[in-house]
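Input: one structure, supplied below.
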Amino acid sequence: MSAADRLRGLVLPLLLLAAWQGAVTAGYGDPRLLPPPVEVLRRAWQLLVAEDLPLALAISLGRCLAGFALGALLGLGFGLLCGLSRAADRLLGPAFHALKNVAVFAWIPLIAMWFGFGEASRIAFVTLAVLTPVALNVWEGVAGVPKPLLEVGAAFRFGGWQRLARIRLPAALPAILTGLQLGLIHAWLATVGAEYFLAKGTGLGGVLIEGRDKFDMALVLLGILLLGGIGLLLNQLLTRLAARLAPWRAA
Amino acid sequence: MTLQQDRSGWLTARGVGKRFAIAGREVRALAGLDLDIASGEFIAILGASGCGKSTLLRLFAGLETPDEGEVRHAGARISGPSLARGIVFQEHRLFPWLTVAQNVEAALLNAPGSKPAKRQTATELIALVGLSGFEGAYPHQLSGGMAQRAAIARGLVNRPDTLLLDEPFGALDALTRAHLQRELRRIWQRQRTTTLLVTHDVDEALLLGERVVVMTPRPGRIARIFALPPELPRDHADPDFARLRGKILATLDAGPAVPAAGLTEHAA
Amino acid sequence: MSLALSLPEAAPPRSVRWPRWPVALLLPALLLAAWQIASQRGWIAPGILPAPGEVWLTLRELWESGDLASHAAWSMGRVVQGFLLGAAGGLLLGTAMALSPRFEAYVRPSFLAIAQVPVIGWVPLLMLPLGIEEVLKLVILTKAALVPVTLNTRDGLRAVPQRWVEVALAFRYSRAQLLRHVVLPAAVPPVFTGLRYGLTSCWKALVAVELLASSEGLGYLLVWGRQMFQMDLVIAGILVIAAIGFAFDAVLARIEARLQRWRAA
């Protein structure tokens, strides 16, 4: 990207900012809904240096990682089982494919009734949100190893374990990494979603709710910024990691 | 020989050089290359992969421009593709969303003539390459050989005065290749379209070409040009054919000739 | 080459090939039976998991009373509106971004920033100025469809293989001809894939917004069931949401396969 393009990318946000400031100066709109940009910045800074927000973030990230670890483990196990065993594929596959059509938020009422509104319920939701993409990608990756590669293994008389360790898993690694990457994104969204829907006011989701209820635009905007920013960060982290682990993955 | 001279200079390359940047390093694909192709001639350009032969063809096609020197067609400097020069690529490159007939007609998009006339021309060309009955088939329904026939029909449909073939049979099995080589020779003998064939197959060059241009790599230059005697039997088993093949292989192995490249030698 | 293609694929080494459907249904059927028996014997409290028969009865009641149809109609109406708006916008935006690098330079960073923030973030922000009525839902659903459609349209139009572009150059296609005869047909599959993602993402977002703020729709059915501690209603709702989501996707997958039939068997 050229420097000129980078500047062009700033035009729209700056225009928006100018329009916002203009509207405030001209006195349009409810000042509670439309505080001046500088005011938002000031509030955001206050919130960031106060203890509450970093604590909320830490809580959210902890939940996200716990759910991710659990969901990724289950998803890997389930995906490997179905990808490697034809019997498991036939038995479990159709049920899994039917259930994956449930929009993930639809599970919330069920989870709430089973696990209550506590921490268990939130972790369960994140786990569920991670499990699906991980299982699906692992499954397809392991089952979809190109036949010519497997035939190479057969030609050199690889045993079952050798085929798994030397051919199937390395060949499936890019797909598995994609699954984990998707899983982490889903984990983050599900974390905030769980805090929002199964709320008792903790974590980043709690921050958003508080901002909404108090009509605190600065708080809501900051929450959104953190929500998007951390998601981006987690994603880039895993992209880097994936590039390191599977450098042959096609560009 | 006056006839020969009148026909010469149809396609020319003068002092042509071409560089590419590969992984940050500059690679000279062609350097100081001169070539003169006569009208109606079938010329085969032979070389190992990476010797710049495809680059030379793409320069004549107008898909690349030379960094040094110039390429000309019928006296005019080539500055871009032209319908007067048909092209067939190594992969068939048919549009997968079009049928065989539609693919051939797609080449006529910018040709003069009414729609029915174009359809008629396309049908004729499809018949010429022996694909009648497959006009409505999609590329994925064709075998490799059939798809390449369709690509040849597409290359010829504008009735170009020059046909550029970039290893058109490289991806085909031996039987299909031999068959299509005979067909191509038949078509050329019938139409006498100036044809430039790029290949890495010595036998293919000998079977089809009137002259065989042998190129050597790094940078791509012409090592030697063999003018095949008109009476040479186009037959692998023939002793003259075999002797010529040996000579060409030796040239390919030896690398560039020490004195000025581009000298025509009359073999035989 | 044709020979190799016409050869039947070698049979897999495993000797037993079970027919697909009975096996596929085996586990769900067993589970269902176990579930039914466990419920009847009182091993599972109905508040945790009602018997399948009860869920079935609830579904039938919902169907016969017309509640199911009316809630589903609300939900689908919202999705269709949001999807149409988002898809139209996405096609336009994606095309413009693909065709004009300059336009893309202006718009892409802002677009990505908007795309990066999920539905769950937009809801509280938009609630403040828009309230919790239909406009909020429409905006959220439009955004849900817009993002994947835009990205896939842009990438689909941009990623047309060079080898086809060269053919077009060789036959002296103009820019318009290149667009109409090569770029657009080649981009149909990826663009359609974008539409399919868009619809799926719309459906997911719908459930989220209906859970948050609505008094009708399938998401509301779930909320209502939970508040009334009617587990059968919640499960029935989930089943219907899954079925409609599946139907949407199946229809689009069908069309997608038809559009791509030239993409080789």
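Just a few scattered comments:
Chains: A, B and C, in written order; residue numbering restarts at 1 for each.
Simple rule for what comes next: a contact is a pair of C-beta atoms (placed from the backbone, for glycine too) under 8 Å apart; a residue touches a chain by one contact, two chains touch by 3 or more.
The structure presented is a predicted model; accordingly, all values stated were derived computationally and were not measured.
If touching chains are joined by edges, the resulting network of the protein chains shown is an open path.
Among the chains present, the centre nearest to the common Cα mean is that of C. Separating the centre of subunit B from that of subunit C, both taken as means of CA atoms, is a distance of 49 Å. Remark: subunit A and subunit C have CA centroids separated by 18 Å (rounded to whole angstrom).
Remark: subunit A and subunit B have CA centroids separated by 54 Å (rounded to whole angstrom).
Along subunit B, no residue makes contact with two or more other chains.
By the touch criterion stated above, subunit C contacts subunit B in their complex at residues 1-3, 5, 163-164, 166-167, 169-174, 177, 181-182, 185-186, 188, 261-265.
Residues of subunit A that touch subunit C in their complex: 1, 4-5, 8-13, 16, 33, 86, 90-95, 98-99, 101-110, 112-114, 189, 192-193, 196-197, 205, 208-209, 211-212, 215, 217, 220-221, 223-224, 227-229, 231-232. Within the complex formed with subunit A, the subunit C residues making contact are 14, 18, 20, 23-28, 31, 47-48, 101-102, 105-110, 113, 116-118, 120-125, 127-129, 203-204, 206-208, 211-212, 219, 222-223, 225-226, 229, 231, 234-235, 237-238, 241-243, 245-246, 249.
By the touch criterion given at the top, residues 61-63, 80-83, 87, 89, 91, 93, 95-98, 106-107, 109-110, 138-140, 143-146, 158, 172-173, 176 of subunit B touch subunit C in their complex.
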